[in-house]
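Which chain is which? They are A, B, C and D, in the order written, and residues in each are numbered from 1.
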Amino acid sequence: MNNIPLVHFLYLAAILFGVGMFGVLARKNAISVLMGIELMLNAVNINFLAFARYWNWNSLTGPVFVVFVITIAAAEAAVALAIIISIYRHLHTANVDDAHFLRG
Amino acid sequence: MFPVLATILLPFAVSFALFHSVVQGPNILPVLSTLIVAPIIAAFLVMIAPEKYARWISLATASFALGLGVKLFLNYQMGISGFQFVEEIPWLKNLGISYILGVDGMSTLMVLLVTCVYFAGALISWNISLRRKEYFVLFSLLVGGVAGAYESLDLFFFFLFYEFAVLPMYLLVGIWGTGRKEYAAMKLTVYLLAGSAFMLVGFLAIYFTSNIHTFDIRALSDLSATGLSVSFQNTWFPLLFVGFGVISALFPFHTWSPDGYGSAPTAASMLHAGVLKSLGGYSIIRVALPLMPDGAKHWLPYLAILALINMLYAAIVALKQTDFKYVIAYSSVSHCGTILFGICTLEAAGLNGAVIQTFSHGIVAAMTFALVGTVYGKAHTRELSKLGGLTACMPVLGALFVAAAMANVGLPGLSGFVGEFLVFLGSYQSGFHGGFTIFQALFPMGVLAIVLTAIYYLRLVQMVFFGPVKDPHLKEEVKDGSFIEILPIAFLLIVSLMVGLYPKPFVDMSNLSIAPLIDNIGGFK
Amino acid sequence: MIQYSWLIPAMPALAYVLITIFTKRSRVLSASISVLTMTACFGLSVGVLLDLLKLDPANRLVTFGATWLQISPWQANVGVLIDPLSVNMLLIVTFISLLVQIYSLGYMHDDERFSTYYSYLSLFTSSMLLLVVSNNYLQIFVGWELVGLCSYLLIGFWYFKPEAANAAKKAFVVNRIGDMGFLMGVVTIGMVFQTFDFAQVKVLVAQGLANHTLASGYVAGIAILLFCGAVGKSAQFPLHVWLPDAMEGPTPVSALIHAATMVAAGVYMVARTYNLFSADPMSMTIVAWVGGFTAIFAASIALAQDDIKRILAYSTLSQLGYMIMSLGVGGYTSGMFHLTTHACFKALLFLGSGSVIHSLHEQNIWKMGGLWKKMKITTWTFAIGTLAIAGIPPLAGFFSKDAILEAVRDSTIWHHEILYYAAVFTAFLTAFYMFRLFFVVFTGEARDKHSFDHAHESPISMTGPLMLLAFLSVVVGWLNWPGVDAYSKFVYYGDLHLDGATSFIQLLTQSWLSIVVATAGITLSAFFYYWKIFSSEKVATTFKPLYLLLKNKYYFDEFYGWIVDNILFALSTVLKWFDDEVVDDGMVDGTGWVARKMGGLLSLTQTGYVQNYALVVFGAVAVIFLLVSF
Amino acid sequence: MIQVQAFLPELWLVGSAFLVLIVDLIQKPTSTKTLLKGIAVVGVLAALLSLCCVGGCGSCPFGSCGSMESVPQAFGGFLKTDTLALFFKFIILMATLFTLLISFRYFKANPTHYTAEFIAVLLFSAAGASALTSAQEIITLYVALETLTISSYLLASFMKKDKASNEAGMKYLLLGAFSSALLLFGFSYLYGFTGTTVISEIGKILATQVSSPLLTLAVIMIVAGLAFKISLAPFHMWTPDVYEGAPTPITAYLSVASKTAGFAAFVRLFWVGLSVPALQPTWIGLFAVLAVLSIVLGNLEALPQRNIKRLMAYSSIAQAGYISTGFLAGGQLGLTAVLFYLFVYLFANMGVFLAISIVYAKTGSDQIEDYAGMWKRSPLIGIVLLVCLLSLAGVPPFAGFSGKWYLFGAAISKGYTWIALVGMVFSVVSLYYYLQIARQALFPEPKDPSPIEMNWLEKSVLIICVVFTITLGFWPTPVMQMAQSAASSLFN
């Protein structure tokens, strides 16, 4: 697969990022929004790996970064779910639009 | 009465004794810093001391300061022009900031003015009962700030003290005021700080544009050294002028002044009208002119029109006011117009006139506000329609008010005349240079102001003190001013008389700083 | 003595301070301080006069002074200038005010602010003397303003009377208008000549005119500016309106300030700065015509007035007009001479009317009558004063007024003949209305029984000065007894030249016309008011419009009142509205309002919907990217 | 080699965090939490002290930093605690200390069972923030940043019973995650262009490159991601909601500590990594726009606010704008100004929030009108509000004034006079709403005159805030010198 040029990966990542962003902006369910964010992060991961291959595999910077991103994403998700659950306790819904009491 | 006199005379004597040795060269005692620090220390003392001592402490400090002011005036060496009693402490070297105090002729006069008004104000506030402690704390802080502003020769500290004075004023008006006090306080503060916004940016711009990176006014006053370009000056001079002008109630930025004075407590309006307001004209002469002479030459003829509008517009508006204090406030605006007009002439006579008028306006406005406050305290109304014939029940105050009115009207023998006359002289002279200038047109209109002033002040005297007593039970209840009420007013009147009867020392004093300035700038020639 | 002349203004000032600070309580002390200082001043003035007479007539001028303030190139001095002119004024002022102060002992006896009254009198005298002895334009202006202040204080002395308060204000403001011109003139002088000193200015003007570095028109301009001041102070047309109202003040004050001294200051000032006026015919013409017009104008008004003091006030106006006119036509000496004589007989007349008012508490002449039965001295002295002002030889008025008429006749200014006949006619009118006054008040039957019954002759403190003044009103004129011409040799401008009669008979023959008109005036008024052959009412009804016109002083007060109300105060109302609504509420509060509103609107963007926020973030990034890259 | 000094403060924080958790496990649930609080405070204090050893001198925190022979570093230079880092750390740790104090009072008012967890999470996030300041490399920077933010999500939504707190947490989290995704995307391209994640290396490599749209995009995304953290408009939208909803101590913490950390990241990344001719004009211009936007929006939107916490949120947006003017001016002068202002901002803001939480504990309200007559109920609080708020408004003689003086001075020195003008004009606007609070506190008589009590510790802290805020106004010299040495350490 060495003959797949870099830009293809980048396009893929960009599209994925866009999809994720759409999720964040458009979906109403908090969980789906979260998933959108995860997609964006994964798009970033693709970028990193692609670039890492493009430069050289000897420096592990790219992969290492990816590992960190995944870990942090996991942590983030954990916290997120916790918060969403506790929101659910109050509003009995996970719709992000229903939490709009702080405004103005 | 006697304890009061003692509280006045002792500290006065002490300050004299303390500073008898203050002369040129390495002076033992930092007299200028003392003038700033003394009120601030007084503020702390008031804070910690029990409430009943508050007024005594501040009175003692006031008369101590008065002693210093007089001493300064006497010890200033007329032979040497330039700054004296200089104190210099490096503050932030690599930012060109250092703590520099010093006075030349003009600022010596101003310091004297500050101390006089401080003294009178401390006496006038004698019977403040509401939150007395805080009142005197703020009052003293205010004075400290103003004194600093007049003494500091470093733009950073100048600005710092300048605004330091604004803040206590906000609280004084807001807490001890009358009427729409909170509105007035807010308006006053926001206004003055808005004006100073331009100042700050202007100062920084000067600092970074000039070739010598310093905030030291003395160094910056040398255009050849700073090398500020003409275009720069033309951009920044008007902004600075307006910035300073705001605090001198320059039209159309004057409306804070009537509301502010209308609702400020007596001593606050005395200090504000007498001292803080004078800061505007002072700073124009101290900072704007020497730093940016070319900009001045370019703009002053136009700004003169604004100043003239101040004189006439405020005077005309004063004619129809229905509130005692508002008339005084507008008259003060009009007089500040005279000051600014004098500055705009850019002539030795005009600028000296402006300085003397500043001093005179300080004293006279303070005196007038003191009178209004005292009368209001007795009659409990400032509605001109309700007042009338008060001379019957308060002859002394009535006589003093007539004197104050005459000082405002610019009657010879009182301080007002000297300043106005010099301003007119200067404006005409300024009109003389380089053929026709706008001043030849403005000069007669300026003179018109003295008639208007006469009209509204005499109207005031007539409506308040002459004629039959409108409100019968005023006649029984109201008594004439007590010793403690008369004392400050009489004191200010005497100062005004001194200037009016023998202005030479004062004019010489101010000329010490004006003459070199004019030599540098060289008028509109 | 001359070196002490600076004491003359200084002492009354000191008296003022003493009375105000220490002796307010004690009437006796205050009065005595004031009167004694005034006596001293008078004595000193006489001493100065004698010293001056010792000097050679060519250079009777002594001046010295000290610096008052100094800004290069100017040096304003406070100084003393003693020459015949100022000595003349010194004597008048000190003497009259001494008499008035003695007179006031009786007249103001019952007033509770007795001490204050005397302190004001001292202050006035001091500032008047400061004006008189001044040796520079600035100081004369200072004194000028100060007498204005004192006039304000004394007119408004009975402050609780609304009319008094109004009159005081009016007097000050109207004077202020004239002073505007004066001040501008002084400033201009300072500008052009770089000095305020009379002597130096005189020299500079002469040089400038000689070598044409100075346009005479320019000097005329300055002169006219100064003259504005004179118009205000000497109540010349059109600034005459304040003087009649000023009669609200105590009568001795009217005698001192508004008849003898202060109102004459304008004349004095013109005389003092005569070199400026004489530099250009234009200014002279203006001066002459203003004076002449005022003379006849005021005299005509006096015909139809009923208040005893107002009649005298208008006659003062017209006499001042005489003096001004005389100066205008070059009759320097005659003008000053008339000033002197007028000071005597007009003071006499006012004090006499004061004594009448004192006994009747009444000012309307139609409620008086037959007073000669009750008040002999007053009547006789008043008669002398009336004859004097009417210009009946050999009383004082005759000599001075006739000198003026001569001067007008011989002058060369524009249409001087018209002025001359106007002046003559004025003389006729003067005689008429003065005797109208005299006949109505003193002769015939009492019209108001009640007030007549408790009428009584005034105390000696009042009648004494009356008699003294009456004596003077007779003899002062003799200073210029034909052939003697003592006064003309003492006070003159330029080089001395004596024209006119050398003997009294010759004088009478020369001036037959003025005598004729005077007697004609007297006779006519006798027909009207003494023998009552003609009825003044009938005349009044037949010429009703004219009568009303005169009665209402040509409606000048109404006219000025209209201007003040409908122009000045209207403007003030408009500007006040502008200030409150536009500048303040509109501009200032408006800014704050806009800021708050904008804040409110902007904070609507905080919808509380999390995805809107995200959208904003995304949008911002997108927009920025587009902007940056393209 | 690894020098422990490089991450000594973080060690202290994390250590004390774990200790707190463990002790909480050992303790019986009913016991008072005083011990935990003690541990936490001691831990933070120890961290503060450890700054001295890092500084390499026993005496004062920053005394001899300028003359330090070697900058302690660890993990192959990924963590390097230079003087700049020290300065930031000091501010962050002080903020943490204040936050702890505030939180003690806050939890007295509405108690929670999870004091230990709160403290621990707070300390973790503080550790993250403090690590962030010395991160020399993008991965480290990112990890530290996330440590900071993720734990602050938790903190923001800590009051489980409180709906507002939950909502705040959720908004903060979703938006925070979103923005860090943007940030990461930017990082990924940056990595792609340079092949390294070491900031200084990036700078070297980019120095030779020309600008390209993608690179610009990367920069923009990084700016967006970080600007979110310091709540620069238009990435500020979350701030008011979160500040209002979050527990007061956390609001204080976010407004100071996480802002400071954000600026630390900015300074390193942009003035070391991206200050290359190809990019600098772009992002400086960008910052100019953002700064002005935040100043304008923050101040204007603050005007109609009635809730003091929300108002402080908008004010903090405006403050971020002010600080950015110094940041974009850059150079020795600009960074000094930024550091000094942050220092000043720390005391002013913390003073206000401590006062807020004390008042809240008494009245249970954050509405401004409930501050009426504070001068009578507690003069000290009245003074604190006056002094600190006016310092934020930049009125002499308070510290905020000299702070703004340097910030705008820096901006003007680089020719951004117009920004300075806008800044000054709008600080007058800000004066309006700050004074509204002061007015409420000082002018009227209180509705309920019952005095507001506080313990000696809070009293002294408030007094410290006031004293610092006043003293730094007219005598900023010592702190300025530290800030200068700190700023200079970035460039050598």
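Note that a contact is a pair of C-beta atoms (placed from the backbone, for glycine too) under 8 Å apart; a residue touches a chain by one contact, two chains touch by 3 or more.
A quick note: this is a predicted structure, and the numbers were derived from the prediction, not measured.
Legend note: the chain whose CA centroid lies nearest the centroid of all displayed protein CA atoms is B.
Of the two chain pairs shown, A-C and C-D, the one joined by more C-beta contacts is C-D. Rounded to a whole number, the gap between the C-alpha centres of subunit A and subunit C is 98 angstrom.
For the pair subunit C and subunit D, the distance between mean C-alpha positions equals 78 Å.
Averaging C-alpha coordinates per chain places the centre of subunit B 37 Å away from that of subunit C. One simple way to say how far apart two chains are is to compare their mean CA positions; for subunit A and subunit B this gives 66 Å.
Multi-chain contact residues of subunit B (touching two or more other chains): 190.
Of all residues in subunit C, those touching 2 or more other chains are 592, 603, 606, 608, 610, 614, listed in ascending order. The residues of subunit A that reach two or more other chains are 24, 33, 96, 99-104, listed in rising order. Contacts between chains, counted with the stated touch criterion, involve the pairs A-C, A-D, B-C, B-D, C-D.
Listed in rising order, the residues of subunit D touching subunit C in the complex are 170-171, 174-175, 178-179, 182, 213, 216-217, 220-221, 224, 228, 234-235, 237-238, 240-241, 282, 286, 289, 297, 300-305, 429, 432.
By the touch criterion given at the top, residues 187, 190-191, 252, 254-256, 259, 313, 316-317, 319-321, 348-349, 352, 389, 391-392, 402, 406, 411-413, 417-418, 421-422, 424-425, 428-429, 432, 443-444, 447-448, 450-451, 454-455, 458-459, 461-462, 465-469, 502-504, 507-508, 511, 515 of subunit B touch subunit C in their complex.
Across the interface of their complex, subunit D is touched by residues 10, 13, 17, 20, 24, 30, 33-34, 37, 40-41, 43-44, 47-48, 50-51, 54-55, 59, 61-62, 64-65, 68-69, 72, 75-76, 79-80, 82-84, 86-87, 90-91, 96, 99-104 of subunit A.
Contact residues on subunit B toward subunit D in their complex (touch as defined above): 91-92, 94-95, 134, 156-157, 159-164, 166-167, 170-171, 174-175, 182, 185-186, 189-190, 193-194, 197-198, 200-201, 204-205, 207-208. Against subunit B, in their complex, subunit D makes its touches with residues 375, 390, 395-397, 401, 404-406, 408-409, 412-413, 417, 420-421, 424-425, 427-428, 431-432, 435, 439, 442-443, 473-477, 480, 484.
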